[in-house]
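Shared between the two complexes below is chain A, which has chain B as its partner in the first and chain C in the second.
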Partner chain A sequence: MAQPIGSPTVGGNAIGGNAVEIRGLAKRFDTDEALAPFDADIAAGRLTGLVGPDGAGKTTLLRLLAALLKPTAGTARVAGHDVAAEPTQVRLVTGYMPQRFGLYEDLSVLENLRLYARLRGLRGKELTETFERLLRFTRLEPFTGRLAGRLSGGMKQKLGLACALMARPEVLLLDEPSVGVDPVSRQDLWRMVDELTGEGMAVLWSTAYLDEAERCDTVLLLNDGRVEYHGPPAELTQRLAGRSFRLTGEAEDRRRLLAEALDLPTVRDGVIQGASVRVVLTEGSDRASVDELAHGHGSVVEPAEARFEDAFVDLLGGGPGGHSAIAEKMEAVTLDAEMVVECRHLTKRFGDFTATDDATFQVRKGEIFGLLGPNGAGKSTTFKMLCGLLRPTAGEALVAGHDLRHAPGQAKLQLGYMAQKFSLYGLLSVRQNLEFFSGVYGLEGGLRKRRIREMVETFELGRFLDASPDLLPLGFKQRLALACSLMHRPPVLFLDEPTSGVDPLTRREFWTHINGLVRKGVTVLVTTHFMDEAEYCDRVALMYRSRIIALDAPDALKASAASAETPDPTMEEAFIALVEAADRRVGEEAA
Partner chain B sequence: MNVRLRSQVVKEMLSYLRDPRSRMTLIVPPLMQLLIFSFAATLEVRNVDIAVLDRDSGAWSREMVQRVDAAGFVDRIVPVNSLAELRRLVDHREVLLGLHFDAGFSRDIEAGRPAEAQLLVDGRRANAGQIAVGYIEAVAAQLGAELAPAGGVPPPSTVVRHAFNPNLTYRWFIVPSLSGILAMFISLVVTSLSIARERELGTFDQLLVSPATPLEIVVGKTVPAVILGTVLGTIMITAGILIFGIPFTGSLPLLLASLVLFILSIVGIGLMLSSVCGTQQQAILGTFSVAVPIVLISGFATPVENMPDWLQWVAQASPLKYYLVIVQGSFLKALPPEVVLANAWPMAAIALVTLTSAVVLVKRRLS
Partner chain C sequence: MSDTSPQHRRRPRSPRFDPRRLAGLLRKESLQIVRDPSAILIAFVLPVVLLFLFTFAVSLDVSRVRLGLVVEDDGPQAAELAAAFAGNRYFDVRPARHRREVEDGLTDGSLRGMVVIPQELDRRLASGLPVQVQVVTDGSQPNTANFVNGYAGGVVANWAAGLPAGRGGAAFRPITLRPRYWYNPEIESRRFLVPGAIAIVMTMIGTLLTALVVAREWERGTMEAVLSTPTGVAEILVGKIAPYFVLGLLATLGCAVASETLLGVPIAGSWLALMSLASAFLVPALGQGLLISTLARNQFVASQIAIFTGFLPSLLLSGFLFEIDSMPIWLRALTHVVPARYFVSSLQTVYLAGDVWGALLPNIGAMLALGGVFLAVIAAKTRKTLEP
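And now, the complex of A and B:
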């Protein structure tokens, strides 16, 4: 890059100097302490990760630093300017990208850029130069005429970033820029941020993805408005050394193994990774009981390298238990069909654009089947055809033997559906939502009351019954959405990006329920962007450019992407490798 | 009603009424509008300013000006000295009328010859101008009658008696019509938003994957909206009788039954709109592009008979046209049941067509 993206003055900053100085900064909303007083310095030319569960105060901190909120106490100086005393100057030297960046969806990419440039007072030659630079930097040049509303999630974020960079900021504040962004676009975002920090810009990146936090130079870990840790991620991870183990081998039921492991007093946290189970021990305990458990299941325990995520969960008090109360209350599923979901040559065309091209797969009873792929690859279209929301152009989609488009109400009772955006009625209370969803699935009288009570008890919704779902903490929103979709005990569950933007602890709890349900014979179809969620699946179909480019168990997919440089790729690396391989094949065919 | 349908009706009702703020916005504005419009919307002409150029300056021109000044509709008489000034005042909208007496006006009268005065009217305000000209003509006619040679036969005069609304009280006409128009607007907005909102929030997909059928979805949205619109319409009819004191001479049960049919047909239009709109913004814009023509061709402001033939045909599709006949007639002229019926069945037909289309459109979303 010939020209720096950031302010020319940034280059003068010694890398490692402080771009942000926080002294006793605190924020209180009414009686609610959003941020407890704390001190911190954020270095110029470094990437600082801001991590923590939902409601920890990440957005509050970013908004304080962008001078969009007034601190209740303490001070923060951003590039030498006090946020309370000189908000105007602070806004000139910061670039802030909120979670949902204010892009005008009815304007084109270029029009959006022009608007933000005008707001920043750029004109003439400076304006055209800035545009060229930013378009080249974000690689959005081919799409300047496209409406912002029609961009994919990843491209939207890049455009948002370009708009935030318009000011040539010294400090860049990014609020969860990678939510809803696929691994390929995420890689692009990382490349861009790397370049920016290389020029001396201070970047504060808030995230719910802990593998991202691991890649930051420094992390600021917030929990419940308090700074729990501030330093290099490796240092925190180091504390967990020797406590992480992998249970491999032919465990016939890894979900049960996980559930039982999580119930051991010596186990702090655990997740499924493909065919194996990963556990973290509590501090100071030995591995004897884990060994014993693994032995009983015919699996082998081997030490694993600690990850930042282990440390994060440990710091926040460990993961949830292994048993799902709701799954235990559920009767085992009785479905005659062995193949619960079947697609045969499923194709959907919108005009001359093919969204899903000849998808064929089957999902067995009691299986978790994942649909992965970059934004716009056709996952959602395929998913919608399966649950009867879209008519296929060709081919057919059957759920429990029915084509749901023509299926009577009886067939639809087989299906539970949880949408990406927590589709609950905000105008109704939590209780009224539960009553509505039980009613619309035909539950009546005593059974209806019993099911609602059961959901309220197992998901601990009691104290929110009269509140609007919109006001619930994210974790409870998700519980309520799950409760509503399980009210009628469906044998098949469709989950469309169920944990997008949800923190790791809430995500673990969610998967505990899903694992429990699967053990009762429920079949689960899930689309996701989280590669660690893909690990929970029995099989994964990877979609790219409307086609299924790979379909296998997570471990097999990882193995197929192994190379000399990366002998043991992560799911994310495997994903990127497979997508790139597909691109190469297309290139070769064209040549 | 089966439990699925019942829960949908309850859900829809709650989403109108649970939140105190949305409850207020549904009920208070229409009633406020009824009060405001019934005072504001009047065709009577008042507070008219008139410029007078009196080149005569005789007794009769002064008598005429004094009589005009004394008339109830006149606010101000502005004396001017030249025709140019008179023209300027009309041009600048400072006066609605200019009254011009040429020299010799009084002389002509004294001589028993017909006297002439010129009246300049602002054509941009044609309606008010015409009415004011009528008033002035009445003043002139009065003066002429008094001047008629003593002992001669007074010129024949007509005495007009207005049937049904003897004093031509404008409110008697406008309040009943407004009760229909305002109830229509609320029902239309509420229903056109309902599916679009669910689609925007993603709950519509949730509904489509549930066992609820398209028919149930449409019925589940129709029933609460009809209840809401009918209740509002009834409140406004009651206000017309009790607060505005408008005589009610027809059959209340028949009027209420017609109101239900009217709201049903409007709800059908709203749901059709809603099922084709992707967002709430589109739905609101759609509502206005439909509601305004419905009112304009309904005969509320201008009689349907005065419209060109093709537009009269279009007007037959406006449910408001039929309801206005029923509601106005029920108030003022004891509309007989057979006329009510003749105007009720077209509304039923419109409701059937629009509601069926709404079901078809929802069904099409499914596939």
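And now, the complex of A and C:
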């Protein structure tokens, strides 16, 4: 690019120098410590990842650096200006993109740009030049007249980025720019950020996706308000070198293999990865007991490359054990039907917009089936039709042999549903939530009391019974939500984005329960936009622009996208390849 | 700064108040108002609906009351009195020969009153004996009951006045009561209600709409993005107040034109006085709306507070529906902090009496003072941060 997007002179912001200096910075809201005191320097010309689960303090830190919050203690200097003493100067040198875009959805792309240009004091020739440059940079030129509310998630983020860049900032603060963005647009965002750092801008990119950390030059790893690690991601991952292994070969009962592996004292952490199981050993222990276990299952142990997420879990003290108390209490599911969920040519139209287009798939008993795709791809619509929350425009859906159109009540009794963000009643206590959900599912009298007591015991909810679910720690909130959906012992479980924004330990505990339930014959349908979560599934349907563009086992999907450059693609790389192939097909059909 | 720190590019200092930034905000706000159907609805459609509702449904006048008329006498004088009732435009008469024919109607509410023209009316008049015409009214509807009583009395008095002298007619006219109503000669309550309706509409625009649009910016995160730019608090506040000030004045104008052309309620005073009052009232109304939105950053809570502290007091404590003088003393004291109180009484002055600046100026002063208090609190409360 001929002209720089950000600072006009690289010399103004020497690469490698410090763009942000943080000393003892802390933030407290009433009694809640949002950010514990820490020191850090953020380099100019580098991409710094602010990584951590929801509620870790990422947004608080970005707002402090944008001079939108006042520090409780300590100082932060942004491009030489103190955030507490010189907020206006700080705002002149920073570009900030809040989590919710900060766009006026009833204004067009150009009108949004014009507003921010005025707020930044641009005019005349400078204004037109900046517009041209930013529109070219973000590739939004064809859409200048479109209302911001009508843009796709990816385009909204690009417009938000353009508005933040209007400042010609020295420090760019991006709050979760990749949430709700499809993998292709995400690639685009990475490309733009790379260009900006190349010009000497310091970019802070906050994310809850741990796999994004590996793409950053430096990482500030936050958990529960504390900085757990600050440095290059590879350095943290390096600590785990030689401790990660992959157990391959035996696909049939990998869930039992994982459960048993996690119960070994030498195993720190473990997850399912497609047909294989990935384990991380505790520091200093040898692989003998893992080898022995693998041998008993007929699988092969091979060393694997350490990942950033392994290191994070290790930092937090390791994953949970492998056995789910709730799954053990559950009796094995008896269902006559071999196909538990079936949908044929399922279609849903809202006006002239088709949200789900001709979806056909079957889910076998005891299978984990994933619907994977970016926001707005049609996952939730498909899901809601299967739960009987939406009526299909065409096609049919059966759950446990009951047609949702003719016997919705019958079908609904067969399924448990856990909605996004848990959907618990904050104004009811934990006990009342349990009572409410057991009542909704038709449990009565002694059985109802027994089930509630059982849930309270297995999920250790006893000490929270009279508290509001809003006040529970995240892990317990998740347990409660799961308890509510399992109360009536459903043979089919629907999970809508069950772990988005959740820290990796809580996620692992969740999947331990799910794996346990599946081993009892429960069938699980899950939607997710976490690519690595798809690895837990037996089969995955990739949704893109209302259509299922691929349906297969995770390993097969990855293999189908393998090429000379990427012989062993990740789920995300596979997704991008499949989406691009789908786009090409559409293009050819059009031609 | 230590030697290792980079030399940061020098930037021009940003002025505290930049008219160009303000122009950008004003342009944005105007575009949003024009594109937001709910703003147009509240500013232009709702006022017309309210005006019609308040002036027709809430009208405090009673027209064409259903009345049972029991005529027990056959004489010509009795017939004349009966005809006077039947011909009166305020009564819808159901004639009867016996009380019991209409008593049921009174009980089930299909009749609002009953007039009994007694037996031997003619004979008693001829012999100069006193005559009693009985009026029975429905006490469960006091307003209507008073009206029936008053008008029935008037009809009887008119009829008595036409009696030949010496035939008992004089007995009815020792004293003649001739009430006169000033300022509203026909005592049409719509003339009181139109000013009240304008005040309600202005409260909706000033307080409710402003509280909602600012809360919406907090909800959608746009406020956060604007705050992260060098834009100052003053620019943001003026950028919000000015467009809604103009919108409020336009709505007032719309209301006044609609009430004159569609409802036949002209202003006695001048348009200048009307617009001055509206401008003065918008200061506290907008101030209240902005204050609510700085306290409540979501639309639901903001609308609840706006209705409870803005709309309801304007309706109930402004003297629009209930006379302030008949309120208990503590409630009367409370009305002094309701800006609509000053607005309603001044509007009534302008509508019914004219430009009585001596009465208007103190009210304008009171509204501006209340507005000043709101703006001072906002200035103290609003920081350029997201601190809760």
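As a working rule, the second predicted complex is superposed on the first by the 482 of 591 C-alpha atoms of A that agree within 3 Å, B and C clash if a C-alpha of one lies under 4 Å from a C-alpha of the other, contacts with A are read in each partner's own complex, and residues count from 1 in each chain.
Assume a residue touches a chain if its C-beta (ideal position, glycine included) is under 8 Å from a C-beta of that chain, and two chains touch if they have at least 3 such contacts.
Bear in mind that the values here come from a model prediction, so they are computed numbers and not experimental data.
Contacts of A:V586 after superposition: neither chain B nor chain C is touched. Contacts of A:L443 after superposition on the shared chain: chain B is touched, whereas chain C is not.
Of the two partner chains placed by the overlay, only chain B lies in contact with A:A419; chain C stays clear of it.
In the overlay built on the shared chain, the residue A:L427 is in contact with chain B alone; chain C does not reach it. By the touch criterion stated above, A:Q99 is placed in contact with chain C alone, chain B being left untouched. Of the two partner chains placed by the overlay, only chain C lies in contact with A:G121; chain B stays clear of it. In the overlay built on the shared chain, the residue A:G17 is in contact with chain C alone; chain B does not reach it. When the two structures are aligned on the shared chain, A:R405 is found in touch with chain B, with no touch to chain C. Residue by residue along chain A, chain B and chain C are tallied for touches, and C comes out ahead.
On chain B, the positions that touch chain A within their shared complex are 2-4, 6-8, 10-11, 14-15, 18-19, 22, 201-203, 205-213, 366-367.
Across the interface of their complex, chain C is touched by residues 7-9, 11-14, 17-19, 21, 29, 44, 63, 66-70, 79-80, 87-89, 91-94, 96-107, 111, 114-121, 123, 160, 163, 167, 170 of chain A. Every residue of chain A that touches chain B in the complex is listed here, in rising order: 384, 387-389, 391, 404-405, 408-410, 412-413, 415, 417, 419-421, 423-429, 432, 435-444, 448, 494.
Contact residues of chain C toward chain A in the complex are 1, 4-9, 11, 14, 18, 20-21, 23-25, 27-28, 31-32, 35-36, 220-222, 224-232, 384-388.
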